[in-house]
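The block underneath contains the structure these notes are about, expressed in structure tokens.
Which chain is which? They are A, B, C, D and E, in the order written, and residues in each are numbered from 1.
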Amino acid sequence: MTSLSDIPVIQTPPEAPARGGNPLANVFDDFIRYCRSRSLFMLHYCTGCGAIELPPAMTSRFDMERIGIQPMVTPRQADILLVTGYVSVKTLKRIILTYEQMASPKYVIGICSCTVNGGMYWQSYATAKKLNDYLPVDLYIAGCMPRPEAVIEGLKALRDNIEAGTSDNWKDYYQRYDHYLGNQQRLFGADWQTPTEVIAEAKHYGLFGPDTLGEHTRRLEDHRKPLEPLRMTLNAGRLEHME
Amino acid sequence: MTTDIGQWLGHLIGQVEGVQHRGRHARRQRLDVAPDALPALLELLQGKGSFVHLSAISCVDWPEDGQFELVYHVWSYELKTLVSAHIRIPREPGRYLSVYDIYKPAAFFERDIHEMYGVFFEGSPSMEKFILTEWDGPPPMRKEFDSENWVNDHFDWQDYHPDWLNDIESRGGGIAIRPDEQRFSRKAKHES
Amino acid sequence: MRAENYQSRAQPPSHEYELNFGPNHPGIEGNYALKVRLHGDTVIDAKADGGYLHRGFEKLMEQRLWIQNIALVPRICVPDPAPMELAYSMAVETLCGLEVPARAQWLRVLQMELSRVAAHLFTFGGHAATTGMYSTMFWGVADRDLILDLFEELTGGRVYHIYNLPGGVRRDVPDGFLDRVSATLDYLESRLADYDNLFFTNQVFITRARGIGPMSQQQALELGVTGPNLRATGLAFDVRRDDPYLVYDQIEFDIPTETAGDAWARTLVRRAELKESIRILRQVVARLPGIPGPIRAPIPNPLAWNVPAGEYYSRVESSKGELAWYVVSTGGAKPWRTHIRGPSAMHAVQVLETLVQGCRLEDVAQIMFSLDACPPEVDR
Amino acid sequence: MTPLDTLYLASAATLAAMLVLGDWRRAGVLATLMYGVQLALLFTMQRTGSTSFDLSALGFELSWRFDALSWFFAVVTLGTAFFASWYGAGEWLRAYTGRRRLFQSALAANVFAMLLLLGSGDLLTLFVGWEATSWAGFLLMALAGGLARDAALRYLVYAMAGAMALLGALVVLFQAGGSFSYEAARATLAAMAPGPLWALIILFGLGFGAKLALLPLHLWQAAAYSETPAPGSVFLGGVVGRMGLFALALVLVGLIGIPHLQALAVPFTFLTAQDVVAWVAALTVVLPTYTALKQNDARYLLAWHGIGQGGYMLLGLIVGSALGSAGGLLHVINYAATQATLLMVVFGVRHRVGHTDLNRLGGLVARMPLSFLALLLGIISLAGLPPMSGFVSKWMVYSSLIQDGRPFLFLAAIVGTLGTILSVYKLIHNLFLGQLRAEHEQLNEAPLSMLIPMLATATLAFVTGVAPGLVLGWVADAQAAIGLPVIDYTLGGIASPRASLDMLWVVGVMFAGFGVGALLFYGAGGKTHRVHQLDNYAGGHFLDAGMRYHYSDNFYAGLMHLIGGWYRGSFHWLEGAIGSGLSLVAQGAGGWYRAINPAFYLLAASVALIAWVAL
Amino acid sequence: MNVASLLVELVLMPLVAFVVGLAMVLMMRRIAARLQRRVGPPFFQPLFDIVKLYGKHTQTSHGLVHDLGIVMAVGGYIAAETMLPVPGMTGIADKGGLVVLAYVMMVPSLGLALGVGQCANPNGSIGISRALTAMLAYDVPFIIVIFGVAFHFGSSNLITIAAAQQAAGIAGWGVSQMPLLALAGLFALHGMLGKQPFEIYVAPAEIATGPMVEMSGKHMGGLFVMQCFQLYTAAVLYVTLFLGGGENWLSFLAKSFAVLAVPVSLAYLFPRYRTEDLVRLMWKWPTMIGLLGLAFLMH
């Protein structure tokens, strides 16, 4: 069980000047990070009632584009997953799929009190109470519902965190995948599987952590149908018999 | 007005057996109907009484009586009156007839009641799940389903213990709930 | 999702394919899904898929006090929450036999109509965005914000007001509030011409919207359509007029209708309703200062309030159609049963599925937005 | 023995060998080798030449000789035959269930007949060669039976009607000039009055146009070519229709001459004969191309494009300028390579999957990547985009139309190209891209014996695109042979002040651009991670494997809302009208043909025509 | 021209196109913002977006063709830029000419189409089918315009065309000589940019942004780069054909931005047409205007 204080505030050690102590070695990385913080695409997905305050934040009155934020339609393009309010179990599955489909670095913002602790639906059988059990949350914006100014403040805080390099929770999802998967399995049943291959991705990008694998991922291996990408194959063996 | 409609309605429902009429309010008429008589009554109301609008079908659970009460709210655009027809069906096996062939909106409400209460409507176009498609618990709206227990079994709670609360608690204050009364959060924590 | 869903299986040997509109899709209102089967770009059939916003309100309300539920109910419909609290309050008042003071009734009308204007502005924006007309959305949502400011001043909440209580309203209008309402209304009316130019009489929009998702009056009645969608088919039915509540019988307003029953007609009806609401609001602004009196009827200790046994079906006209609460009390401190009948329960499911059949892929989103279906009302 | 004798001998030997050894397991390899030998002979011989033997029949001398035009078409013919035969020599032949001997012989007979036609030394040998080609083509088309036989019979009706028209034209010419020789014909035609000349143009047009599938005589071709067994279809689709173009070039351009056509006005209009032919060609470009857009079978789609591309060739040829006619002729060889590639790929898919229904395929790129590559090169060429060869020839046609000031023909040509782009994207998308169906998950790449020829022709199409000068020399010679102005070319294309093209530069810069693009893509940013096709956006939903998630049927649905009605209306009306009219004629003719001595029938027809023309 | 300076031009021309394209994207977004009564993005926003997308840590690909599609899309435009003469640089504009350019400009579309096809997403495929249909629609007036210009100047060589206009002054500009064709060209330009009302192929509300649906990270970044090139190419081509090309950089850029501002400003005032309405419109008005202009020109 995670608690708010457990939400790992990743202490990213400032990239060690591994490149021979060159003071300019990190300039490029800093620049990329700066661009990341200045260009945030948020997913256009109204998961709950807090989404009603996003249009005002986006449109003429508060104009999110001022700070480089624009809505994007599919998870592939988005950087920020805004979980706007209560998440019913059915939605939670979609949110997890969506999150896994997003390209890292990706950030989760829990808007509204419901994402923090279930809010006023604390005794509802249908809504998940604690978002950070299932996804690594970067930022909570509490309130029911937070005003557009609060949303924008929150996004600005996220922006500053990204610029400072302290918003690396997406790595946590790879590094402690077993933990998140365990919570997901507890809620959705042991045969839960998304079409995204988080473990393979973690291997591919060198994001493997000590807790990426564990008892829950072993359980996943037992039943899962591997969804390996369709490799281009020539099947040269079948090309024989050339007369 | 009330009496007019009341009389008229009384006359109309005289044609169906097992209907009891209780006018209460200018625009709200209550009918208590024997389950067998309901389809005939609705057909009569829709066909002869211009009650073309099925506003809702509500289901009420009466576990002590072992019954479900089904309430059909129908509205007439011409008489500007809402008639609620109440029937009671046994909780077990919880089956009733669909009125989809009389009122098309019934499909939604019947499917909903089926999901939430487990009442099966014969002849309804679809009894598939709609809202609770990924739910494997019992029908949640039944009175015996305890939502809070379900929540405690399935979800964790945010453990919010800031320093200031710890301070207060260390001084003997804090939230005044005895440990055995705590329904969530710390209880789960202590058990685990 | 279960692993067996990924086992390779032969696909149906047909020329059809499936598209999922939603839940994460800009062409769907809120968190809702429509599974559409298509051939080319023609929809063969569609299946609504709800439950993404299900919170179990009806169950929750059975576990909370009568007065607590007031805070819960506006959450059922986010774009237009005010009628929810009103209808619930009315049901409780009827069960208790509470007489609501006149001033409170006028204040409630004020809240209702402001909420209706806000909801319609929001709907225009959404509808325009489905056709690629983003400027209308940007304008509409920003103008709606002015009304939210008024709400904030009146009730303390921008979106959820929790302004009604069984027996009355929470607060009286602040000083100068009515002037600010008037000023906002003036502004909105002056903006209507811009909206007309940009959106309602935009030739491209008319090409897109006319003849889309048509519904005859007969069909509408069969499917249980209410609200602006029903009025767009020519039937002038409005709960405010035909099953009057509050003081609507003392207010002058028209019920605009159209006859075409298509997306275009539905939009025009809403546009006309916007003007009617402004007209109603002007009357409220003019008459409210002359109506004295308390704003609440006395109620017993709300934490130990046993509402007399009984049942009542209360109906109001929300911006989307007929909204009703069926409330059953057994004389306890908590409701025995509450059932909400949202207008979208019809519009977003059966009506949408019917209208979408045979339409073009381009128009699916437009049909949904022109019906102004609100998924949380369906899911509850 | 002259080199041409050797060539004919080799070709006849191939036919004989196939007649004897056609059932042999390795007959295909033998045939391929023999076509290769013929091709080698062709390349070693002079561009012009004649046979040492003459035949005499009915008192007429039949003579054969080659000029640069014949040689050019012979290269295309033998090249296509070589690759087609190679394609069918390996695994395809083992899997082939039909009568192999018949098939191999039919292919060899086709090649032989076409060489005879190309080598015709006078109008009579032209007719003989024409008939031989028609019958050989019929044999190849009909041998698969079933649908193919029906289509072939339909073809026969057109071919016979064309032959009648041709015979009539020959008789008229002979009456007027007293000789079948080209020189005599040229002189006769030059002096001929407009009326009979028009009749002749129409008769020749009908005769040769049927094979080239000019509008409105195009209805037979798609089905007839598509239903033929794979190598046969490749051969037919690649080159056989071009015999019509050869003959038209010979007669319209070589004998009558472009200036004469320009001078020949259509009465009561401001059109000339050249305009009429050009417009027939332009309509042949546009209408069949848009018919192709509606096809749901890959073979038919390509066959319809074949018809449309024939229009480009004629269009370029009839413009008559050095640029245009060179473009038209160049398109023959470019198109042969392109179409052969495309058909080979499609039949390769058919070999593996068992059908070519565009609605039941998809995602094959993961299983047949080399076929995909060949198809990709092929469609780029067919659509006429750089850097492939199809672009060069089409560019020459466009430029000539601009220089000639013919906006509407230019527009028609471009609209045809755009339609081609649309439908070839549909082809590659529905075959190779999109969702891989469950039943195709274990599919293999096409066998090597099929892959090599398709990649070879694709490479040819690419190389001649980068350096069109390699083949423009042949084209220039062919132009000279029929008295057209000769194109001024360089290795990279055309050097002319009004419109210059240097494909070496264009392709070079394009590939430099791709290189930079690749550098940007692969150099910048992290490495990519491939995902399964079920890991896909579906509105936030989970895709499951049983779901059909591939958009294929009615691919251009939006466009069809607008022009779909035209198909139902005018296109279908046209086809229906021609079809039913022709089938009526054909039934009558068929009855006659069977009932009465064919010779008598031919004679009667000729007499009737002569009577009509002479009186 | 010696080889070295040519090589320098070949490198510089796409680079300039990219930088100007970035500014054009910024202008487009700013215009949209102003029409929608808001502030709009910061000055470097287009650059930030592209760098961010290329700098994504994970990059999702659906296969080799998906990658190559983007390579072709960007590469095709890079090649096209070297055929567009700009002040002081002609690149290889004399090696190809107008028709070649028109066809090279189709290569990126084809590349994108292939890449999208590989994603196995029907939204993308529908988007491509609509985009190709739109291409069929706007290319008809575009081709008429190209024909008219090439006929009028007696050459399809862009350098010649630009030089002829500059020699004759404003009265000799294409827009003064062929106003109707210039108008038709403006329509075609608007269609080519794929902005409302001709935006059906991305239609987020229907097909979730169509071709972009499965594009993430540098795939998406490639599309953003492509958009820069697209805006630049369309504007510069129009300027070269009708507004006298580039005499010097100042007037050249001013003209290019001004040309682009017209369709971009119109775009945010319209919803999108359906596919067949789009085709009908394109085949009706601009085509008719173009043909009329052609008739005036040729007689």
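Basically, contacts are C-beta pairs under 8 Å (C-beta built on N, C-alpha and C of every residue); 3 or more make two chains touch, one makes a residue touch a chain.
Here is each chain with its UniProt name: A = NADH-quinone oxidoreductase subunit NuoB; B = NADH-quinone oxidoreductase subunit C; C = NADH-quinone oxidoreductase subunit D; E = NADH-quinone oxidoreductase subunit H.
Owing to the predicted nature of the structure, the values given are computational and were not obtained by experimental measurement.
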Required minimum of steps from chain A to chain C, each step between chains that touch: 1
Partner chains that chain B and chain C have in common: A
Field: Other chains in touch with both chain A and chain B
entry: C
- line: centroid check, CA-based, most central chain -> E
Statement: Greatest Cα-centre separation from chain A belongs to chain D
- prompt: If every chain is reduced to the average of its C-alpha atoms, which one ends up farthest from chain B?
  reply: D
Query: If you tally the C-beta contacts, which comes out ahead, D-E or A-D?
result: D-E
- request: State, to the nearest whole Å, the distance from the C-alpha centre of chain B to the C-alpha centre of chain E.
  value: 59
Message: Centroid of chain C to centroid of chain E, CA atoms only: how many Å?
response: 43
Statement: Rounded to the nearest Å, the gap between Cα centres of chain C and chain D is 64
Query: If you average the CA atoms of chain A and of chain E, how far apart do the two points sit, in angstrom?
result: 36
- prompt: Mind pulling the chain C residues that touch 2 or more other chains?
  reply: 1, 6-7, 17, 19, 23-26, 41, 51, 54, 56, 59-60, 63, 138-139, 142, 379
- request: Mind pulling the residue numbers of chain E that touch at least two other chains?
  value: 36-38, 53, 55-60, 62-64, 122-123, 126, 200, 204, 208, 213-214, 217, 274-275
Shared interface positions of chain D, touching two or more other chains: 363, 365-366, 369, 436, 526-527, 529-531, 533-537, 539-542, 549-551, 555, 557-558
Query: Among all the chains shown, which pairs meet the touch rule set out at the top?
result: A-B, A-C, A-D, A-E, B-C, C-D, C-E, D-E
- request: Would you pull the chain E residues touching chain A in the complex into a rising list?
  value: 29, 33, 36-42, 44-45, 47-49, 51-53, 55-60, 62-64, 204, 208-209, 212-217, 220
Query: If you look only at chain C, which of its residues touch chain D in the complex?
result: 1, 5-25, 28, 33, 35, 39-42
Task: Spell out the residues on chain E that touch chain D in their complex, using ranges where they run on.
output: 10, 14, 53-65, 67, 70-80, 82-83, 91-92, 94-97, 99-100, 103-104, 106-107, 110, 113-114, 117-123, 125-126, 128-130, 132-133, 135-136, 139-140, 143-144, 147-148, 150-151, 154-157, 200, 208, 213-214, 217-218, 221-222, 225, 274-276, 279-280, 291, 294, 298
Interface residues, chain D side, partner chain C - complex: 359-360, 437-439, 441, 534, 538-542, 544-555, 557-558, 560
Message: List the residues on chain D that touch chain A in their complex, please.
response: 26, 28-29, 89-91, 94, 363, 365-367, 369-370, 436, 444-445, 447-449, 451-452, 526-527, 529-537, 540-543
